[in-house]
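Two complexes, one shared chain (chain A), two partners (chain B, chain C).
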Partner chain A sequence: MPMAPNTEAIDQHLKGFVQALHAAVNRAVPHVQDDPKLVDRAIEDCKEILDVVLEGNVSEWLK
Partner chain B sequence: MDIIVCAKIVPAASVTIQIDPAAKRMVRKDIPQELDPQAACAVEEGLRLVEKHGGSVTILTMGGEDGTIGIRNALAMGATAAIHLSDPALAGSDTLGTAKALAEAIRRERFDLILCGTESSDSYAGIVPGQLAQLLGIPPLTFAKEVSIEGRKVTIKRQSESGYDVVESELPALITVTTGINEPRYPTLKGIMGAKKKEIRKYTAAELGLGPNEVGETGARERVLTVGRPPARQAGKVIKDEGEAGKQVADFLASLKLI
Partner chain C sequence: MFTDTIELKDFEKMDPEYQDLLKRILAIQADCEIGGPHLYVEDMLPAAPTRVERLIVARTAAEEVDHYRKMARLAGELGVDLSPLLNRPNRERYVDAFRGRISTWEDYALFGFLIDRIGRYQLEEFVGGSYAPLDRILPDVLKEEEGHIDHGTNKTAELAAKGGEQKERVQKVLNYWYAKALDMFGKSQSRRSERYVHWRIKRRTNAEAREHYIREVNPLIEAMGLEVPDPTAERRFV
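Let's look at the complex of A and B:
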């Protein structure tokens, strides 16, 4: 089956999302005890990204 | 303040690094890549300096097309633009060939400061920044754990075994930063969405005026002769406390001349 023309772009975009989530979690975890504000902000940033992924408006990502 | 950050794109931390036994090189093709965590500290420092003094942060990297995701990571953090040296003619370059290519790309840009990680987290050579400073004819300030700029003067706290040394230089200069210098920011949604609109300029070896005697496999003067695993760690000595453990521990430390 031929690949959809935007498969690679979507793949790159999803990788970017996953790496950002990973980086946010890595940044927050060491500060769970000492910097709750940083942790809260990281959680909010992760939620923002996950909301966009769940919404699934792929054409918006690729604009 | 125009800053260029030399950033390596390396196999993602989740990847178990494999060595190609024939080429004696790390397998980099078709595996997930990311911005080197050491380079991420240099990007972060560049962004902080520009937030304070104004200017731009340009990412410069050399490597295959697989590296685009790592470049996007840096752009999503907030870098202004990127330059990607991607050309099969550059593949197999040794550290000096890499430094020559980076230097030629930098000569085409306006810059006040070059930032690099102290060493990459895949090969840990740590040679390129020094070579790059030499080729560009600018002073290298290494192992920076803190950077400050006042006018045309840059000051670093240089990490040493016993603390730090304060080192100053006029700009332009090249600085290598330690991983302890900062905690890199992570890309936000806005950053990710904005990154794809940012410019990634590309150069080939020929466009940089570099031929096969200077870069790539044939231009490389370094040769990897063998690659091997480090020797396995020896099993530790277990001391059971049957009334004389303290003496045995003391004897053991004395045998090592630690007490």
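Let's look at the complex of A and C:
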């Protein structure tokens, strides 16, 4: 059964996005009480990453 | 009833009906997984009530994206490209519950409480099913879905416990999502649903799964001091 084109490459890109999201959240969690600016930056980072994922411009990812 | 367990290498030898049904259910599941973040990220990630809640929204979206990835990979191995689902407009989502937009915290809470719970039901259908690669990804996905459900349930209960106008708003939002939730199981008299069970892609028919869901969720609604909505109101599929 031939794989759909770019299955592996898209999978790797999505894995990277998911890891980046978890990293941003994990970076912020210990500082919820003591560093609101750091937490807000992490939330903004998550929003930027999710915007790229949900925009779904796969052809750009694969360039 | 089909009793074999299928690996990727066996897929091409399978009956065309099996191939079509498996591809279809992977596409629907992937559509629902990525449909969630499309509903709530834009409004809820920046505007959830606290920083902790915003981080929970971000983590939930990350997990849903990963669930989409896992389903899309399985479909890709079968020759089906599901990447167009990544940016499909909400109005074109397969399931009605994913066609709008979540812009209030009450909606976000109820979505977790009722709709993510159905996500768990749909995934549980595949546990021990005939397609082994799908069965193998389920434990991690189900564990994460359980977290989303718990968060939605706790937030709904907290909001309802405030009483007064807040509780009235929760009841109104509950009425909306309850009808969407029951519709998500599809038509009770569905021949396709029976074929899924025949091939052991799913464990229960639409009607059986909906009945189990009602038995689980109604007592939770009552325990929050809310009224169980009329199960026939605002329904599209019965």
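The definition used in the following text is that the second predicted complex is superposed on the first by the 62 of 63 C-alpha atoms of A that agree within 3 Å, B and C clash if a C-alpha of one lies under 4 Å from a C-alpha of the other, contacts with A are read in each partner's own complex, and residues count from 1 in each chain.
In this text, contacts are C-beta pairs under 8 Å (C-beta built on N, C-alpha and C of every residue); 3 or more make two chains touch, one makes a residue touch a chain.
What you see is a predicted model; the values in this text were computed from it and never measured.
Superposition of the two complexes onto chain A shows chain B and chain C fitting side by side, with no clash.
When both complexes are overlaid on chain A, the residue A:48 reaches chain B alone and has no touch with chain C. Looking at the superposition, the partner that touches the larger set of chain A residues, chain B or chain C, turns out to be C. In the superposition on chain A, contact of A:24 is made with both chain B and chain C. In the overlay built on the shared chain, the residue A:16 is in contact with chain B alone; chain C does not reach it. Of the two partner chains, chain C is the only one touched by A:56; chain B is not. Once chain A of one complex is fitted onto chain A of the other, the partner contacts of A:1 are limited to chain C, with no touch recorded for chain B.
Overlay on chain A (Cα): least separation between chain B and chain C is 8 Å. Shared contact residues of chain A, touching chain B in one structure and chain C in the other: 15, 17, 24, 42.
Interface residues of chain A facing chain C in the complex, by the touch rule stated above, are 1-8, 10-11, 14-15, 17-18, 21-22, 24-25, 28-29, 32, 36, 39-40, 42-43, 46-47, 50-51, 53-58. Of all the residues in chain C, the ones that touch chain A in their complex are 8-9, 11-12, 34, 37-38, 41, 45-46, 51-52, 54-55, 58-59, 61-62, 65-66, 68-69, 72-73, 75-81, 83-87.
The touching residues of chain A, when paired with chain B in their complex, are 12-13, 15-17, 19-20, 23-24, 26-27, 42, 45, 48-49, 52, 61. Residues 32, 34, 68-69, 72-73, 76, 183-189, 191-193, 195-196 of chain B are the ones touching chain A in the complex.
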